[in-house]
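Two complexes come next, and they have one chain in common, subunit A, joined by subunit B in the first and subunit C in the second.
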Partner chain A sequence: MKIMRSGITFGILAGLLTFLFGGWSVAIIGSLMGVGLGMGLGNGLERKDPLKIAKDVAPTALVAGAILTLLSLYQNGFVQDAIGKQPAQLNVVIFGNLFGFLGAVIFTTLLAGLHGLPEKEELKWKMILLALLVVAFPFIDKLTALRWTAQIIFALIFVILGLGLNIVVGYAGLLDLGYAAFFAIGAYTTGMLSSPVHGIHINFWIVIWIAAGMAAIWGFMLGAPTLPLRGDYLAIVTLGFGEIVPVLFRNLIDITIKEPLTCWILPMFRIKTSCIILVEHYDLTLGEKGISPIGRPSLPLIGEFESSNPITWYFLIIAIILLSVFVIRRLRDSRLGRSWMAIREDELAAAQMGIDPVKTKLAAFALGATFSGFAGAFYAAYISGIFPSVFEFSTSIIILCVVILGGIGNINGVIVGGLVLMMADRLFLPALKDFLASLLTHTVLPSISNPVVQLAVKDNTNPILYRFLLFGLTLVIMMAVRPEGMIPNAQVRAELHPDDEPVIEAETPMTKKAIKG
Partner chain B sequence: METARKKFNWRRFAIATLVLYIVFLIGPIVGLDIPVVYAAIKANPLQLVQFLIIGISNGAIVAIIALGYTMVYGIIELINFAHGDVYMIGVFTSLTVLSVTGTLESKDPVKITLGLILALVIAIVFCAILNAAIERLAYRRLRNAPRLAPLISAIGMSFIIENIGLMWAAQAWLVPSFGTTGGASQKVFPDMLGILFASLGWNINLLASSGLALRLTIKDLLVIVLAVVLMTGLYLFVQRTRLGKAMRATAQNRDAAKMLGIDIDRVITATFLIGGGLAGAAGLMAGLYNNTAWWFMGFRAGLQSFTAAVLGGIGNITGGMLGGFLIGLLASFSDGYLNARWTNALVFATLVLILLFRPTGLLGEQTGQKA
Partner chain C sequence: MLELKDVHTYYGNIHALKGISLTVNDGEIVTLIGSNGAGKSTTLRTIQGLNKPRSGSVVLDSMELHKLPAHEIAALGVAQSPEGRMIFPRMTVMENLEMGAYMRKDLTTFKDDLEHVFSLFPRLKERITQKGGTLSGGEQQMLAMGRALMAKPKILLLDEPSMGLAPLLVELIFDIIKKLNEEGTTILLVEQNALMALSIAHRGYVLQTGEIILSDSAKNLKNDEMVQKSYLGVE
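Up next is the complex of A and B:
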């Protein structure tokens, strides 16, 4: 009965999503819903024969798929009319809904059924399925003309940023409120080294490493003096750094450096010298105008990456994420990673055991910054233009939201959190805005006679205006209800619930290693 | 002893010279062009006095907001990130009250005065309740959580309130002077004090008859007097009343205070109420003094006030007042002699330097580095 209820909930939610996008979206939404529902249902069931599980789950899958299809058909029949759009063509409706229904049913039963296999097998098959989905996604997206790939690339940029911040916040337990500064440093390094502004054109594949290196150096330089500070003061100092960096990029537009000895000090004693001017009126960052265009990567077979074709960019960022995940996993299980967690849990005890807290934290800061350097370089090349307003405080907080929503200290959690939050921000809210706007103009507003109310309703129903509310609520609610995030790390959960029973079987790689010795 | 004192510390001298040289060399990039500033002061010394006046008036507002930070930090060791935004809500509340009561269009001095008093009262009450509600909703259940959890919650609250301010500034049906440009733009807070004194026939500039090129307005005086009254009231409240005593006890040791029968929840709520009320009063004052209302103004004000609280010694009420005036002066001189665009960065740099070299601030006690 319980699984039926979650099936109905999923079906209704997914069906409501089709209201926003319409057309082919039902096929993708159905499949994605199937994956999510299947995983959720499977994890809740006992490990037994796969076929038996599939049989148990099948009715739920059918119900969820049916609800989705019905809502999608209702959307096409009535909702499109209410928002003043033409219903989709018949072939789109038939095949879209067919694929949506089949995708929902098949993926639900398949993924739930996989839970019946032994643990290793299950993981292997899930990874294969996931890889297939990731590879197929941009092509399906292109076929169905939904244009989600460009938005997903943004979400993936924030996934990398989240992974980097996770090293600092999740592993080392240091709250960094100025992480966007390193993102900015990465992006501006790329911008300055591969654009016509300064006449330097270095290949993207080299610049991305320089950007990461620059971010790491700045992470080191910021961290070195500040890391002895205690938690909340450190947070404020990083916030300060995050504020100063965009101000610098915005205002370093007229640099004049005069050698003081010859220009002021000697003349003060009435000694005549010629003033040595090192730099005069040099525009380093172009201020608000931003730097553009920025050089793009190119590969032998594919040629130069173009903004009109997001598929190449998509695979590039997937490659960067895979590399990052690999490196971060190795780091986490290394001696350094284990000392981060020791510091996070009890700095005094860790220091007593011979871990140097400042060096360890510094390494976390610098390595965390490195990944945002990658993200910054990719971002600069992808947008082909960078502006100081992108890197403000709110960006740092959005990255923090990604980490906290997904699960502090958990790589999978951060990936899921980044995708969910950024898709909500970049896909869901704009679609909701269009939907509400056309619904209002066609159906609601004409029925309101009072002009004041009409204007008030019209002005306040733009969901984009509530973006900050989305992020703020994410932080507050997560902290109040589930501070360990959607997909928690067992250790972090134990730490955040000090009153509960201790978690004894926290089987993480770290404890495994500790047991093995 | 004698020899040690006589020995000249060459190393320190060399480092100081090097730092000075670097400041002279790179300073001009961030507007810190000392010879130019020196020339500007020499050419017009009166301007320095003018910036002093502006600095003290703005510092009074900063100091009042800083008190909210410092009191909350003193009691629950939380940087109440949303406090600056409560102040922003204070600006919007008072502007809305002035608009709804028709004070904005009025030319009658009695009506304006009554409207301003009403706006002050409502802003104080509303912001006090808002601040206490924030504590109840976002911080109370995290009181025993790891230290960073309530800070993250506070940042979230700050975002929520900023969004409320953004929406508020779009409600042209409520306050017609907001216009139809949407909530993101800066709004005008009408210069009600100027109108009031003009309608009374007073010259707003007190130094007009002296012939000096200086402006010391009634507004400056009013802001400073109101700030001093509020601060004195708060100081007396904390030092003399029973609840103030309970607050000090809670700040010293929460568990011990609890054991002695102090209702901790009540004390904390009272602290948030007082802090919020002060922020509301500061909101009206800042609106009247600077004549702008903007949804994002709380962030900058919050940053300056928090720096002021840290400068004075966080947790210390007198220190918060002192820090507020100092930061006001710093910001005013930076606006005047360097460039307004560097002021935020300068304030933050100050904050970083204080935290690094004297984390206890000017008047703070040694609290130890609790993790």
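Up next is the complex of A and C:
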């Protein structure tokens, strides 16, 4: 019964989503819903014969798919009309809904059924399936003309940023409120080294490493003064650094450097040109105007990456994420990873185990910053322009929220957190805005006679205006309901829900023997 | 092997150790007894490098510990089972024990040492996947000692191993300390339970408000009138 209820909930939610996007979206939404529902249902069930599980969840899958399709058909038939959009073409209606229904049913039963396999097999098949979906997505997206890929690339940039910050905050337990500074350093390094502004054109494939290196160096430099600090004090210092960096990039527009020694010597000989000037009125960052255009990567067979074709960028960032995940997993399981966790738990005790707190913390800052360097380089090349306003405090907070919402200390959690949060921001809200705007134009607005009220209603129903309000609300609800994040780290969960793992005080025969010696 | 010479340690303006001098020889159990605030734990913290002495020296086998940071002292083979235990609460028992062996370069005997710890504390083996923070007080004490042993220390510093434990467990812990010493571990034991401490130690020092007021063999201390009156509760 319980699984049927989650099936109905999923079906309704997914169906309502189709209201916003319309057209082919039902096919993708249905498949994604199937994946989510299947995984969720599977994890809640006992491990038994796959076919049996599939049989058990099949009714739920059918119901969820049916609800989705019905809502989607309602959208095609009535909602579309009500918001004054062109009615969908017949073939889109038929095949979109067919694929949506099939996707929902097949993926739900398949993923739930996979849970019946032994754990290793299950993981293997899920990975294969996931890889297929990731590879197929941009092509399906292109075929169905949904144009989601470009937005998903932004979400993936924040996934990398979240993964990097997770090293500092999740593993080493150092609260960093200025992480966007490293993102900025990576992006500006790329901008300065591969744009006509300074006449330097270094290949993207080299620049991305330089950007990561620069970010790491600055991570190290920020780490050094914060070493004696803990907790709140550390957070304040990182906050300051996060404020300084964008201000610096905004203002490095008129640099004059005089050679100090000659400034002192030449006036003694009463020479009129009193100083040797090394740099005069040099504009390094172009301030508010930002740096553009920035060189793009190119590959032998594909040629130069173009902004009109997001597929190449999509696969580039997927590759960067795979590399990052691989490296971060190795780091986590290494000696260094262990010492990060020990420092997070208890710095004094860690020192007594022989861990050098100085080196360990510096490594966390530098390595964490490295990944934002990658993200920054990619961002600069993808947008082909960088502006100081992108790297403000709110960006640092959003990255932190990606980590916290997803599950602090958990790689999979951070990936899911980044995708959900940024897709809500970049896909869901704009679609909701369009939907509400056209809905109001065709229903409420014409009946309001007072033009002032009409304008007020029209202007204030834009959900993008409430972006940060909704964002804050999500955080508040999340912290109240599930403070450990969507996919929590085992250790954090143990801390927040100690009841799940009760203290075992009862004495077993063996412990009795131990006490008596 | 370990020698403290005229060590003065301060907490801000508070003169906590007023010229402590003591020695621990190879293979001994030496105990520091004294009342609350006498400076017992501060002495251990000074040896460990968690507090720096303002003057005086701490020397282990001709290495000057007072000039080194805490993590380097740990690497030289000084392990402590600290007061209040200081285990890693969100790591499992196994991970805590692994942390103990963090500084060891030679890990060929890691498995044997682990087995050894488990033979001393069979309870830990039952709790191997449990989080440190969810253990009971006695188990946490065992874990702290086990973790210190995993470092294969030259000298083991034990700070109040009996604190807050049931009488049965106290006896077990002291039996284990004795056993460890018989296996060749040098031990510096800080204890409020003076009777227990003196019954297993070779020598003892009596601390009072940051100074050593008495030092003798454990046997003599046990029979000393002043010690009996002040610390053993004999009327």
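To be clear about the criterion, the second predicted complex is superposed on the first by the 470 of 517 C-alpha atoms of A that agree within 3 Å, B and C clash if a C-alpha of one lies under 4 Å from a C-alpha of the other, contacts with A are read in each partner's own complex, and residues count from 1 in each chain.
Criterion: contacts are C-beta pairs under 8 Å (C-beta built on N, C-alpha and C of every residue); 3 or more make two chains touch, one makes a residue touch a chain.
What you see is a predicted model; the values in this text were computed from it and never measured.
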| item | value |
| --- | --- |
| Which superposed partner A:209 touches (first subunit B, second subunit C, both, neither) | neither |
| Partner chain in contact with A:357 - subunit B first, subunit C second, else both or neither | second |
| A:338 touches, of subunit B and subunit C: first, second, both or neither? | second |
| Partner chain in contact with A:264 - subunit B first, subunit C second, else both or neither | first |
| First (subunit B), second (subunit C), both or neither touched by A:175 | first |
| Subunit B versus subunit C as contact partner of A:348, first or second or both or neither | both |
| More subunit A residues in contact [subunit B versus subunit C] | B |
| Footprint overlap on subunit A, comparing subunit B with subunit C | 348, 495, 498 |
| In the complex with subunit C, residue positions of subunit A that touch it | 335, 338-339, 341-342, 345-346, 348-357, 491-492, 494-495, 498, 501-505, 508, 510-511, 513-517 |
| Touch list for subunit C against partner subunit A, complex | 48-50, 69-72, 74-75, 79-80, 82, 86-91, 95, 98-100, 102-103, 121-123, 126-127, 130-131, 133-136, 147, 151, 168-169, 171-172, 175 |
| In the complex with subunit B, residue positions of subunit A that touch it | 173, 175, 177, 225-226, 229-233, 235-237, 240-241, 243-244, 247-248, 250-252, 255-261, 263-265, 347-348, 393-394, 397, 400, 404, 452, 455-456, 459-460, 465-469, 471-476, 479-480, 483, 495-496, 498-499 |
| Subunit A contact footprint on subunit B (complex, rising order) | 21, 24-26, 28-30, 35, 77-79, 137-138, 141-142, 144-153, 155-163, 166-167, 170-173, 182-183, 299, 303, 306, 341-342, 344-345, 348-349, 351-352, 355-356, 359, 369-371 |
